[in-house]
Structure formats: C-alpha cells, structure tokens
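Same chain, two partners: chain A is paired with chain B first, then with chain C.
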Partner chain A sequence: RISSDGNPAKFQPPPKPVIIDKQKQREERRFLSPEFIPPRGRTDPLKFFIERKDMIQRRKVFNIPEFYVGHVLAVTTADPYANEKVNRFVGICIQRGGKGLGATFVLRNVIEDQGVEICYELYNPRIQAIEVLKLEKRLDDNLMYLRDALPEYSTFDVNMKPVSRLDHEEVPVNKLQVRMKPKPWSKRWERPKYNIKGIKFELPEKKMKEAQKWSQPWLEFDMLREYDTSKIEDKIWKEVSEGLKK
Partner chain B sequence: SITGACRAIQKLTRVRVVDNSTLGNTPYHRPPKCIHVYNKTGVGKVGDKILLAIKGEKKKALIVGHKMPGPTMTPRFDSNNVVLIEDNGNPIGTRIKTPIPYILRQKEGEFSKVLAIARNFV
Partner chain C sequence: MMPIWTKSGKKHAVTLLKVQDCHVLRYISKEESGGKTSKLLVGGKNASPFFKSESAMEIFKEAGVPRKQKVTTFNVTDDAIIKPGTPLYAAHFRPGQFVDVTAKTIGKGFQGVMKRWGFKGQPASHGQTKTHRRPGAISTNKAAKVYRGKKMPGKMGNIYRTSFGLKVWRINTKHDIIYVNGSVPGHTNCLVKVRDSKLPTYKDCNKNPPFPTFFADGDEKLPEDLYDEEIFQFTDPSVTYA
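So, the complex of A and B:
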C-alpha cells in the first residue's frame, strides 16, 4: 500500500475485537430464591439441609424461573376436573410466603369484574409450567393493598404475550403509585407498620398525621430482631449452584 | 356496620347472586342474606347449599365462591358468590358470567346443570 506521500505506509494492525464474556456477566448477578433461606430458630440445620436437597431435586426436573413480587406469571396446573385436565391462570404475584418445600406465592387477577386470588405452592408436583409474562419489581414486598385498589390495577389479559427482556442485568422497578377505592379498607394501609410506598394516599393531612401516632421508630434499632443472612446466603448459594450443576 | 371475621358463608351473611335470573338482579332495598346452611356445621364452603332470603322470598342457592382462603391451589374470590337453585337442583338463571372453580365438577351428578350454564372456569 502506498500512502499519498509516495512512501509505503506503516502497517496498522486491525482494531482488537471487544469480547463480552456473557457467562461471566451472568455469574456476577446471582439470585437466591427466598425460600432457601432458613428462618431464625432453634431447629436442627439438618432438617433444612435435607429440605434443600429435595428442593434442588425438584428444580432439576422442573424449571422454576426467577421472579419477584409484582411480576405477572402464567401458571399451568394439572387438574382432574378441568376440561383438558390442564388449568391455566394468569396473575400478578402479590406475595411470596413460606420457607422450604412449603413455599407459596399468591397470584391475583380480575376476571369479568370478579377479583380472584390463587395461592400456589412452588414445589407442588401438580404444577406443570410457570412462565414469567412481565418482569417488573414494585416498590413494596407485599402487594396485598391491591385488594382495596381500583380494579384496573389488578386486571391482566389472560392471553397476554410474554414481554421480551434483553438485558440480563437488572430487573426494572415500576414506581407506580396506585389509587385506592374509598375507605374502609381491609387493613389500614396508611399506618407506618405496613410501610407502603406504592399507594397514592388522597387522604387529608390530618389523617396522615394521626396514622403516624402508631409509628414505632425504635424497631429499626432493636438488636434482638436483627437477622443477618449474608453469610448464610453465601453458603446456601454455593450449595444450590453445585447441586444444580450436577 | 360492616363485620369482618368468619369469611365463609353462615347465617345472616350478605351474598352476591351471580347468575342472570330476574330475582337475583332486580334491585331491592335489602341485600340477599343467608338464613340457613344445609350442613352439619353452620358454615358453608364452595359446593354447599344454603337458603337465601331475597325480596321477601325464600330460595335455595349454591355457593360458588367465598372470601375465605381455602386449600392451596383453589381460587379465593373477592366477594361471596351464589347461584339461585330450585329444590331439585335446577338453576333458575340461564347464564353465569363470573368464573366458577373447577372443584365443583367433583360432584358432577348434583351440579351438572349449573356447570352447563357456566361460561368461565378458574
């Protein structure tokens, strides 16, 4: 090659390709399902160890996807009384409870103006498929207030198509403030005990101040209630990932 | 006043009639209430028959959903739903729009006609 000067140009090596190691990126972000973490108590850790083995065994056969409260899921269960022996329910996950094999999650949907909630057990052999239709974390851990919110916030189309997700890094947080039906509600959600950030309270200032009377600001400093799970989580994460790789 | 507590259906619970019968849908100044539950215990769950007082008349009805959480994998409704029935088990209405739990199919012999008019199942 001859440059404009007439002299042979210096050899320019081609630019180095940038290698994005996707496997490494995926390992950095790890999600441990909350039912693996044992509750604080005096039970023998052997019981939790055996339970975890059973949970890993079930997860090898059947894939339980990663999901949080606020995701829209579609669950198909085997039902002897259904038409095609298969029952499909779509709903938003309101809460995840229970530890170990009895872990449950509640799905809520409004069908034909009737609110329906079903509590499913994660490790029940009747469940045949769990699909995540919409990935979206909400501001709270517990969306029980959707029962007292306007029904438009709990309606989800049964034939909704799964929203595709390209980024494997973060789960988007929906900062939606939900509008409520007029009082009375099933629980007094304005009280600081529930610590709800996802409601747009249209109550007068006087009522909000009155609700703060029940606040217990000393609770966050109570050392006997502290339960540091970071080390336990690390151990269990290693155990679970090794168990699943086999 | 509005009571909370026992969320399954017992005497004096206000119920919501879910089929399209005239008795169930015409407005009246008093809501339909349960007077008697045909059960050993006085508490009615899904699939039990009850006696309702609607518009000054007594009618039998079948419970299709209640607010009380039942066994896992069964649906829990936001209102106490009921379908009006004759003494021999024939439903009075012709269509049921609201979703009905699949568990009712267990006792297909008694409720086959009610299940035939139901549109949605949960």
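So, the complex of A and C:
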C-alpha cells in the first residue's frame, strides 16, 4: 500500500480489542441501606458511629439482603407461641422507616380475604432469615395506598418460589398503575403532597384539579429543607464496606 | 437513644451518656462543709479559660486542670476520698448497676396551665365565651384567700430533675460511654450528673464496683465493651426459643 506521500506506509498495528470487565461494572453499583444515613440534627456524630459499629457487627453474623420498597420478602422470626417456635410471613414491602438500629420495614399481604401488615425491625435478634422472593422497584417510595387499592394487588402466595435473578445490573422498575377501591380512602392520595405516580386515578377531572389547590410549588426551592447526603453517603459506604470485609 | 435487646428477645430503649474530661477538683471535709458527709467537687466538660475571672479560675489552678464548664458536688464517705486532679472515667460504673441521673429539663418558657399542670380546660363549643384553656376557679369561698403554691401559669422547664433507679446496660471504655436504661431529663448534648442510686431497693445491688474509682494507669486492663449478662450481643447468632 502506498500512502498519499508516495512513501511506503508505516506499519499500523491492529486496534486493540476493548475488554468490558463485567465484574467492575457490577461493583460500580453501590447500595447503601437507607438506615445508615444519619438524620439532620444536633446529635453528636459519635453516637451514629457507635450505632454503625453495632449494625455492621450484626450484618456480619446475619445477612440482610439489599431490598427496596416494592420487593416481596419472606421473613422467619423466632416465636415462643408458635408450634415450631418459628413464624414465617411473606409480603410486599410497603415502607422502610427509622434510622440506625431501630430501622423497620412493613410487609403487607392479604391472607384469606384479610389484609395483614406486619412491621419488622431489621436488627431484631429474633429474626432468623430474610429472603427476597421477587425483586422489583415501584414508582413510589411508599406503597401505603395499597390499603385502599383492590385486594388483588396485595395478595402474594405464601409458598411462592423465589424468582431467579438474571442480571446483577439493575433492579427492574415495575410501572404498574394500581386500581383503587371506590372513595372514601384512608388518605386523600390524589393530593400532590403524597406525590403518588403508581395509581390509576379514575376520578373526574374536576376532582383532580381541585386536589391541585393543595399543591405547594415553593417547597422544592426551599433551601432550608435541602439535605445533601452524597458526601456523607460516600464516607459511610466506605466505612461499611471495610467493616463488612473484615 | 437507641434500642437494646435482651437474650429473651425483649426490646428496651437506652440513653447514651458520654463522660467527657471529668476531673476531681477539690476535697471538702465534713467539718468544713457542715454536712453529714465529706464532699468532693467534680468538674465536667472542658471549656475556654478566657471568659471567667481570676478568682473563679483558682479552683482549677489548684487542681492543675483546664477550666470546666460545670462543677458539681458529690457526698462521699471518708473511705472513698480521691485526690484532687484525678480523672474520672466511664469505667467507674459497671453494667448491672443502678444509677440516678440529674439534669436541667428542657425549657418550655412561659406556659399555660393546661400544658404546665395538665388541667383539662373547658369545652371548645356549647356556649363557652372566651374560655377554653383557662384554670377556672382558683380557690373556695370559705378560704377567702389563694393558697401558696397554687398551680398557675408560669415558666416551665429549665429546672433540675432526677430520674431514679436506671439500670446500666453497657459501658464502652474506649469512648467513655454509659448506656443507661430509659430516658433521662434534658435535651441532647446537655450536661448530666450520674450518681449511684439512693433507692432502698438497689442498696445491695452494686457487686464489687471499682472502689473508690477506676484508675486508668492501674494494672486493670478492661475490654473495650462491658456488657450486662442479659444483653444480646451482636456477635452472637439470632435468638431462638428451643
């Protein structure tokens, strides 16, 4: 081959193959459980440090899997009054609350036409196992509206098999729009304060417009409410991962 | 405040108290103080020496200690006297002991009679004219006067109060933290006085506490965390009822 100069072209080595290291891509996705992030306040950071040491210690002995609101979990607790001394409950996680050692999550299920919600503490020593049966995030952080939705959306089979997970990449988001029972509801879910995207509102337009009267558009610009947790999260993530590796 | 679980699976709420730079400042003998027992002056958290007069700083200079934010007296028997200048640590207390905690309550300012004394007030409707949170009658006709100490609106809070008989669950010797059962008067990060309990039920409860106090430069090497027997430690596996 002759280049435009007329001289013989220099040897061009073939382009190097691009190796996509899948393991590195997996590690890039970090998950820090929300109860590790300290709330805003005047408490001494030493208190949160001591609490985190206890939480890491518990996590070393007992595995608490990564889960979000909307996952279907099965929890086995030690129960002195049960036949086998062990109590197993399957349900969808509707809310995760509390910070530190007192962190809780609420599981909801409909058993024999009766809606049952149980609030479990993550760090309670009576919990023997937490299994994630189905992984799916929902459009909202708080699924309390399932109480006013049709019962079919809260029923889950007690003997459900764990759904196998193919990718370790992203948690799938279920964009399901839930249908509600007729009003009255326990809370006025159509109001912008709750900011719910997972309900299929079959209300007349007039009602939806009236609900917008209670919107507070200035809230997102309020600087005193800002709590930037990115740096705190990075520090705590490093601390927690180092603690767990030991 | 934190949750704590026992080996039987019960949950208790616990307050964390940090012992920050406590030193013994002065010894006052029985005759000097005029009381039944001798006293020891103890100072708390370190503070800046620039905002007090020379006369106030004398006590700290004698003991050879930086200026303390809070100075309290403890009534002490003659065999428990400590030399001024010795530091006091959280290991002075042991898990399983019972303790009284004194602090200034949260100040609520000038409050009405319903919040301050728990009066019921008056109904919201059915003809009440401008009377919903008032005390109502303050005395009888026969008395013809108002008794001293009548519960009336006034400044509420910001006074010393004690919670008695609180169990010590756990002690962290590295950071000097005492885990005390239940709640304690005062806001977060306020200064608090911790004494051995004076309740008659807990008179014989202290099994061999460090007497007169725990000396850091002594021979005793304590582990980082001291736990009570009934506490569930997070290094153990989950609780089961077999």
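FYI, the second predicted complex is superposed on the first by the 223 of 246 C-alpha atoms of A that agree within 3 Å, B and C clash if a C-alpha of one lies under 4 Å from a C-alpha of the other, contacts with A are read in each partner's own complex, and residues count from 1 in each chain.
Keep this in mind: contacts are C-beta pairs under 8 Å (C-beta built on N, C-alpha and C of every residue); 3 or more make two chains touch, one makes a residue touch a chain.
Because the structure is a prediction, the values reported are computed rather than measured.
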Is A:133 in contact with chain B, with chain C, with both, or with neither (first, second, both, neither)? neither
Once the structures are superposed on A, label A:124 by its partner contacts, choosing first (chain B), second (chain C), both or neither. both
Which superposed partner A:79 touches (first chain B, second chain C, both, neither): both
After lining up the shared chain so the two structures overlap, which partner does A:37 touch, if you call chain B first and chain C second: first, second, both or neither? neither
In the superposed arrangement, which partner chain does A:47 touch: chain B (first), chain C (second), both, or neither? second
Looking at the overlay, does A:114 come into contact with chain B only (first), chain C only (second), both, or neither? first
Common interface residues of chain A with chain B and chain C? 79, 121, 124, 126
Applying the document's contact rule, which stretches of chain A touch chain B when the two form their complex? 77, 79, 81-83, 87, 89, 104, 111-121, 124, 126, 147, 184
Could you list, by residue number, the parts of chain A that touch chain C in their complex? 41-44, 46-47, 50-51, 54, 57-58, 61-62, 78-80, 85, 100-102, 121, 123-128
Residue positions on chain C within touch of chain A in the complex are 2-3, 5, 9, 11, 16, 18, 172, 175, 177, 188-189, 232, 234-242
Report the residues of chain B in contact with chain A in the complex, numbered from low to high. 2, 65, 69, 72-79, 81, 97-99, 102-106, 120-122
